[in-house]
Structure formats: C-alpha cells, structure tokens
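What follows is chain A paired twice: with chain B in the first complex and chain C in the second.
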Partner chain A sequence: MTQSLRPGSREPAFLLAPGLFFLLIAFFFPTLQLLAQSVIAVGSEAGRLTLEHYAKAFSDDFYAGIAFRTFKLSIIITAICLLIGFPLAVAMSRAGRGVRTLLILIIVLPLMTSVVIRTFGWLVILGPGGVLSWTLNALGLIDNSVSLMHTETGIVIAMVQVLLPFLVLTTLGSLNQIPKSLEEAARVMGAGFFRGIRHVTLPMSVPGLASGSVLVFALSISSFITPSLVGGVRLPVVAGSIYQQMTGSFDWGFGAALSVLLLIATLVLIVPYMVLTSRMGGR
Partner chain B sequence: MTKATPRAVVWAAIFFIAAVAIYMLVPLLIVVASSLSTSEFLVFPPPGLSLRWYGEILNSDAYLSAGWTSLKLALITVVVSLSLGTPAAIALSRFRFRGRSVISSLFLSPLLLPSLIFAIGLLMVFSRYGDGPSFAGLVIGHTVITLPYVIRTVSANLADLDPHLDEAARIMGARWWQRYFLVILPQCKTGMAAGGFFVFNISFDDAVVALFMRAPNVETLPMRIYSTLEFSPNPSVAAVSTVMIAMTIVLVMLLNRIFGLSKIV
Partner chain C sequence: MKKIKSIGSAAIVLASFAFSNGAFAQETLVINSFGGSYEETHRKLVITPFEEKYNVKVEVVTAYSADALAQLRAQKDNPQFDVVHFSGGLEHAAAAEGLLDAIKAEELSNYGQMYDFAVAGIDKGIGPTYSTAVIGLLYNTEKAATPPTSWKDLSNEAYANHVLITDAASNTYGLLGFLMMNQVAGGSLDNIEPGLDFVKGLLPTSTVVSKSPEIQQNFAQGNGWIAPYAQDYAHTLTKAGLPVKFVQPEEGGVLAPITVNLVAGSKKRDLALKFIDFSIRAEASKGWAEALRYTPTNKSVELADDVAAEVVYGEEAVAKLVTFDANKIAANRAAWNEAWARAIAK
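Up next is the complex of A and B:
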C-alpha cells in the first residue's frame, strides 16, 4: 500500500523531477518538433507556415497506394495474430506449470531477439533457394525454386512471427484474470468444451484481445525494418517511405508530414487502447 | 477439467502448439545454422559445417568496433535509465498525490508511441539544435524507449514489499539519505535488476532509433546487420547474430531465475 503524505511534503516532487524533466526535453519536445516541421515550408518560402507537405501526401496516388498497402497488410497481420494467438493463449493458461514456462520461453525468446535478426532468419527461409524452397522440393511438392521474397505473403509471414508475442502476452494477462470457477461452473452445468470457450472464455478475454490487436495493428503500421527487408523497394510501406524521405532524399518536411499522419492513425487506435487497459486495472 | 476436454481437442492442441513453436523459433534456428556454414554464401542446406565465420568476425575491425559501441551504449543506457526511472517508480508506487495517474501515464507513454515517430523527432532536434546525431543522442533515445520498463519492473517489485519499513525508519529518525540508501533502494534491487536486463536487451537490440540517429563513426551491431542485409548478406552476419541470440538466451534465463518469467510477462 501507498503511504499518505504529510501536507506539503515535497518528496514525490524531488523523486519525479529528474525523470519528468528528461521526458519533457527528450521525448515531448522532439515529438512537437516533428509536428512543427511538418507545417514549415522549405525553399524560397522557408520558415513560413504551410500545408504543402500534407497536400503532397494527399495528392500523390503513389502515396495513397503505399498507405492502402500498409493498412491492408496490417489488418491481415492483426487478423492472423488473433487467429493463432487466442488458442495459443488459452492453451498456455490451461497448461501445467512446466509446459507453461516452456511456452512462455518460446514466446519471449523471439520477442527479446532483435527484429533485425528475426528478419534475417526470414530472408534465409523465404529467399530464392532458401529453406522453404528446399523443404518443398524435398517433400516433392514442387520441382523448382520458389521465393516469397518481395511478396506481400512473405511480409505477412514474417510480421506475424514478429508481432504474435504482443497479442499472446496481452491475451494471457486477461485470461489469467478469469476465475477458474467460472469455467468449471460452465462444465458442471453441462456446457461442452467448445460451448465453454465460446460463452465463457472468449467473452471474458475480449479486453485482452482488443488491446492486444490494437497494439499489434499500431506496431504493424509503423514498422519498417521487416517490411523493407522482406518486401524490398517494390513493396514500400508508409514507415519505410518515411525512412527513405528522412535518410535518403532528406525531404524532412514531407517525411514529417507522413509521420504526423502515421501518428494520427496510431493515436486513433491507442486512445481506445488506453481506455480499455485502464478499465482493466492498468498494466 | 482435463477429463472433460475431448481427446481430439487435446491432440489438436498439441499439434497446434508444436506448429506455433516451430514457426516462432525457426527464424532463430536458421540464423544459427547459417552461421556454421562453410559456404561463402547463404545457401541451404549448407555444404559443410565450420566455425570459420566466428574466426572471421573476431578478426573484423568493423564488427568488433560495432560490438564495442553496442556494449558501451547498452551499459550507459542501463545506468541512465535506472537512475532516472527508479526514483520516479518509487514516487509513483509509494506516495499518493494529485496527478499521480497522469504522471504515471506520461512515464509509460513512450511505450505506446511508435519508436519510429519519436526517433524522427529526435533526429530533427539533434540536427537543428546540435551537431547532428551522435553517441549521446543514441543514449538519450534509448533511455526514452527503455524508461517505461524500469518504471514497470521497479513498481511491480515495490508493490510486493512492506511499505512500513520506510515508515519505521522515518519514525526512528532516519535522515532522508539513510532511508533511501539503507532502506528503500535495497528493497528495489530485484526490480532494478530485472529492469536493467530489459534496458540492456532493448538498447543492445534496437535498430529503429539507431537507424534514424545514424551518426558518422557511430555504428552499432543492429545497424551493421541491417545494412549488410540490405546489400550483401553472408554467413559472417549470421555469426554475429548468433552471438546476439546467445546473449538474449542468457538474459532470458537470468530474468527467469530472478523474477520468474510468468510473473513479468
């Protein structure tokens, strides 16, 4: 439990000050700088306020295509994460202690490995003459080389592996809050396995599934390392083209405008997420 | 419970779990396998097994200096992030005051904002008001993205402990520094250790902030791996990646030992 303070105690203020000051300078200020940069003109009109960067983002069909691809892929990735993640989380919540620890290791170990390294693994698997191609040949399913590199299927396969742990862990948190007695009660009252899942487990894990999928979607629309390496230049996504604008073409105003649009898309998702999680008691 | 679960469901569950386990682990296993190849190229199956690529990276100045940069960066970030985050976590979990939940959300907000967006802002600030990206910029960027983890682990740790010890120390007339260094901080050490491992791991592995804050003469291992993958992947990258995977396994095992994985995730 927390302790009540004598009136006028400055103790928490002293403890919080260094961290808050740091966040203000190093986190909130850069984010504001990004917003500012997106509405400041460059070139002959330098310094003037302008919406030209946004106009460029909206008028160019090329960027509309990129935005469409990013959203489409993120929806598919989130849906597949839900399909795989929910049964996995249910299995984890019901497994014995040993199996449970093993499963958590299987989920956490990839999560804690650098995204660059996991993507590297997928490049070797999906690439021409890679593991997938070799396995399919060995099984006699195909008799030539296949490659999922530079395909949307390839991006989805790699991204689901990268993001699945976020959905599983969030859902597991919400499953652990379901009293065991509820599921038992359903059984005793004659509900079969699937009815128990459908009418008790699934509805009660909705907060976890919802916040997990919002997290996966938000991470998905803003990731660039995996889509850029697997998809290559032929299949650009929003985050990848922002990286390109910032470090390749140095069009910072435009890069900033694209980032602000991405930020807005993310916030639209995150706000309900925060409401949900705070209703769940906060994590 | 198990008795009522149909046998077919149990078998389906076992099959499903095995499939997911393979899917989750196969990219890591493939990287490890590729690092042992005798071939100059990343071909599968490897024509033969050898450790030559490990010898190669030990003789490569580029990899060694990137490794040294990553290690320095991660260790400094651990120190900075723990020293900013621990006091804040103590304040947030031990005191009730106005605006506490708002401040708590502020500290956790870097977790929710995609690090890509923050990294771009940081790059702009460093280029506009400073000499551009630098090692210090990377430390600052990594501290921001790791601070929430310190807040979470230290708060979780304090929630399990007896707050009356501090009160007792206060009543017994302990000065503030005696209370903090002799009573409160020793109680936080498990949370700080777990937080420190997270911070180290995130900082050592990060490529997003690192790629935007790419400074001349400052290259970390994930940056080097990314640019090698973009242009010419070869087994030496696999060897470096395998060393990083081994470090991650050690960290995950340590976290499991200290905290119990099922508790922190």
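Up next is the complex of A and C:
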C-alpha cells in the first residue's frame, strides 16, 4: 500500500532533469565562466591568475560609492514595496471575487508591458515640464518647473511601480492559504482589526512576504534599465557599471569581478534574511 | 491538375538549383547596414541601383558597427561579409587587426572627386568615408536669444540650467564633442584634464543625457536649449517639429566619419570594390545630404541652398572640420571612460 503511493526514486530525478539541465546551461556555466574571467589577467600577461580586477574594485571609493548607492536604493525600494504591497494584498484577499480579479488585472497589467516602455512613461511623468511638474505648477505649489529625473527619488518611484506586482502576488498566495476562520476567531475573541492583522494575518503571511521581498530586492539590485534611464549617467548603480565595463570599455575582467562581488554581496544579505524569516513562521 | 502543378513547381525548383551554380546565377554580395530609416535610404541610394546596374544581388545584414566588428572577428578565417560599413571609428580597430583590406587609389574611379580626409587611410585598410556626421552645437531657436558661436558658449550664462551634455562614455558623438571641448579648453588627446574641468564646471547647470531620444525629449519639454551633438540629428528634431538649428562653432565641428570597407579575404573582391566605388559617387553622397543631412565627402556634389545650409558644404567650410586620431581614441577609450564616469558621478 505505502509502496504504491511512494513515487519511485527515479521519477523526481526524471522530472527535474529538464529544469536542472537548463539551469546548468543558462546559469551555472555562465556564472563559472564569469568567475574564471574575473581572476584571469589580460594584456601582456594574458592567462595568468590574478586578483588585480578585485584589487581595482576595492582600491578606491568610487566603486564603493556605487555599491553603497545600489544597496541603499534596493533596501529602500524593498521596504516601500512591503509597506504598500502588504496592505494591498490584504485588501485584495478580502475583496469580492470580481473586485479581486480586477485588482489582480490592474497589478499584473504593467508586467505585460516592456520595462523600457514603462520606464519611458516615467520619463514623461517625472521629467522637466512633465505631468508631475505641470500639476504642481497648476496647483500653485511651485513656481519653477521641477524634475525628479536624474534623482534617486525618481529611481525609487519608478522601481517600486515596476517591482510591486512581485511582492503583492507572492503575498497574496500566502494570504489565500490562511483559513478565514482563524481571523474570525481572533475577532470573536476580542482582537481589533489591527490586532488581528498583527497577530494572525501578518505572521502567517511571512513566507509570502519573505519570498516576495527577496525577489524585489534581487531584481532591484541587479536592474539597470530603469536606474540608467530614470537616474541617468550621473547616478551609476552596480549593474549599470558592469554593463558599461562590458560594452563600453570592453574590460571584461573587471566587469566580471564586479558581477561576482555583486552576487556574493546579494547572497550575504539574502541568505540570513531567508533563514531569519523562515524561523518567524515561514517554512 | 493539382499533381501536374506540383510536378511543375518541383521542376522549377530543380531547375533553379541546377542554374544556381551555373553562369545564369546572379552573384551575391554580402554587406551590413544600420537598420531603420538609415537602411531604407541606403537601399534607395546605393544598394538597389547597384543591383540593377551590375545585375547582382546584395544581401543586407542589419548590424551596427560594434556587432559588425564582432562578426568580422568571429569569421576571420572564413569571412561572410564582402563589404562592411562602420561609424564611430571602428574601422581603425578592424584594419589594425587585419580584418580589412587596403584599396589602391586607381581601384576607385571616384577617388579624385573625394576630399582628402575621406580617402586618407585606404592604403591601410580604412575604407573611404562615403558621408560624415558633423558634431557641433544644436540650439533651440526660440529659447536661446543669441545663437551660440563657440564651444565655449556652453558655459555662457544665457543658457544656464538648459545645457545638455551627452555622456562621453556610452555615446561616440558624446565622446567626440567632449574631445572638442577639451581641445578648446587647452587639452589634447594626451591630456583630457582641461576638458574634464570644463565639463565639471558645466555640471551644476546642465543635464547629462546618454541617448539621442533623451536630447529630443529635453528639447521638446523645453528643458534643453543647447547641446553638443550631430548635425543630422538637428534635422531629425526639425522634422519632429522642434525649433532646432545646428551651428558649426568657430573652432570647428568634429568629423564622425561613416566608412565603407573592403573585408579582407572576401571571395568577391572585384565586385566589392565596384560597390565601394559606387557608394562614394557624387549622386550617393548628395542623396545622403538630401535625405538625412549627412555632410558630403565627394567634392563634386552640388546641393540646393536649403540642403547646403544644413550640412557642411564647400571646401572652405569642410577645411574647418576637426579630425581626432581614431587610433589614439581606441587606445585611451577605457581610461577616458573611467575618468569621465568619475568626473560626472554625483
């Protein structure tokens, strides 16, 4: 009886194979190649192992400054996504069927648009003489034209819009797992709205919030289209610098070293976060 | 009936195979072009007339300069291209790597009609410049009360807060404009500090953009009044309905040549040379000026006044154009990119 329910040991391997194969080809192999490139010298001593690329990244505060800005912005973006996304997800989980479908549609719709197109939309809104500037002017709040283009605030606004769906959808998944009776029980036992949220809904949606925020953080730390279009060249982020090294300066070794450092730094932040949140009621 | 038709079409297919290696087959030349409206114009001015004149087929692969160079490198032992077009100076890198072949003056019937700069490097594998972009100053004719006359006008208080600077690290036109500011500020290709200082002085009252659509957007929204950029782009903006004009500053505009090059090891060298010769003939050079406002490199071109006013026209004006040593640019590019990024980063 138990034998027939337990899948054969080969079956999972069989099912995993295509995914693993793809991961191997499209992720592990290029990552290893990048790792190799980052420690191999070019030029007169081509082929020799070297740490010069890493030394360059650490030797001056220009790249440290870029890294600091990148992490700072990613943390802010993730925090704002959590602040906006959690209440939104709660509202969506409690809404009627029709309203919920509509809200999901509104949230998901931007994902169907190319990130470049969406970002250009922000250029029109945030730019000098754009909608934002015009509105503030019309309301008499400002005299001159104001622009959030080429500012860190602009990057955060545009990135939150781009990444919010990832947090809302994963959190909504978690919220839908919570039996309605638990919240009802809390209310019956005298918990107010906020207390119910704090002690029942929030802890039980931690898995969704955790994976959602990790997703948002990882995407924002590695994104370069939106930061480079909205932030401009004077506010470089790490991914943009890597892109510039690879395609503009053709310094692949240094670009590879920056990539490896970004990967390590991201893992150093994400792994403890995952461990911590899984202890807080997640899986 | 259906059967007969299919037998018939099979016979046609077979016949075409049989002839494809025979004397009836058209020769095919493989070239690159840059896509979009550029490629459209390219077909109209050069490619289609060439096919008709010589009864050959020209296969066009859409590839920008950097992609074309990467493909040439990858195909070094068995080149698939016969002719390659470059903008942004990459022909110098390609020639230095032996990917392009030298051309003799007597191999081009139009050689004598060309400005010297346009054919200066053909013996080293750098193909003729069949037209050129010119980098100078674009300004908004409604907002800028007095038109700029000098590169130094970028720091003129009249334009403060409305100056656009193009990123030199990611944009070739931006780099050429920067090198000119550097020269005017007293620098040279061996010392870009004066240029960096000049730009640093502009930064507080200017916007740095990296792509041409951003220039259009800033001009359209009234934020940009003056920008160092290409003359042909001024025409693009005018066509979009913006009040924009181009001036060649008194210190000179910068040449940004577009070249047509002979690929080393091409199996159709003779036909490729005919194509290159056809590309630099006066009629084509004139067409580029009329359609997209690229400056003609063929001296015998005669332009109508309205077109002539929007390109650099005539030997006297052309003589003022400045050329920067592309080999030095290539050698210093990485270091300059880094210095530039540091100078402009907030």
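Simple rule for what comes next: the second predicted complex is superposed on the first by the 239 of 283 C-alpha atoms of A that agree within 3 Å, B and C clash if a C-alpha of one lies under 4 Å from a C-alpha of the other, contacts with A are read in each partner's own complex, and residues count from 1 in each chain.
The rule is short, and it goes like this: a residue touches a chain if its C-beta (ideal position, glycine included) is under 8 Å from a C-beta of that chain, and two chains touch if they have at least 3 such contacts.
It should be emphasised that the depicted structure is a prediction, and the values quoted were computed from it without experimental measurement.
Residue contacts after overlaying the shared chain place A:S147 against chain C, while chain B stays out of touching range. Looking at the shared chain after the overlay, A:S259 reaches chain B, while chain C stays out of its contact range.
Of the two partner chains placed by the overlay, neither chain B nor chain C lies in contact with A:H199.
Number of chain A residues touched is higher for B, counting chain B against chain C.
Once chain A of one complex is fitted onto chain A of the other, the partner contacts of A:D251 are limited to chain C, with no touch recorded for chain B.
Once the two complexes are laid over each other on the shared chain, residue contacts for A:G129 go to chain B and to chain C alike. 123, 127, 129-130, 247 are the residues of chain A that lie in the contact sets of both chain B and chain C, per the superposition on chain A. Those residues of chain A lying in contact with chain C across their complex are 62, 65-66, 123, 127-130, 145, 147, 149-150, 228, 232-236, 241, 244, 247-251. On the chain A side of its complex with chain B, the touching residues are 1-5, 11-12, 14-16, 18-20, 22-23, 26-27, 29-34, 37, 84, 87-88, 91, 94, 100-101, 103-110, 112-125, 127, 129-131, 134, 158, 161, 164-165, 169, 172, 183-184, 187, 192-193, 218-219, 222-225, 229, 239, 242-243, 246-247, 252, 255-256, 259, 262-263, 266, 270, 273-274, 283. Touching chain A in their complex are the following residues of chain C: 66, 167, 169-170, 203, 207-210, 214, 217-218, 221-223, 333-334, 337-338, 341-342, 344-346. Of all residues in chain B, those touching chain A in their complex are 1, 4-6, 9, 13, 16-17, 20-21, 23-31, 34, 42-45, 83-85, 87-88, 90-97, 103, 105-107, 109-110, 112-114, 116-118, 120-125, 128, 140-141, 143-144, 147, 152, 163, 166-167, 176, 201, 204-208, 211-212, 214, 222, 225-226, 229-230, 233, 237-238, 241, 244-245, 248-249, 251-252, 256, 261-262, 265.
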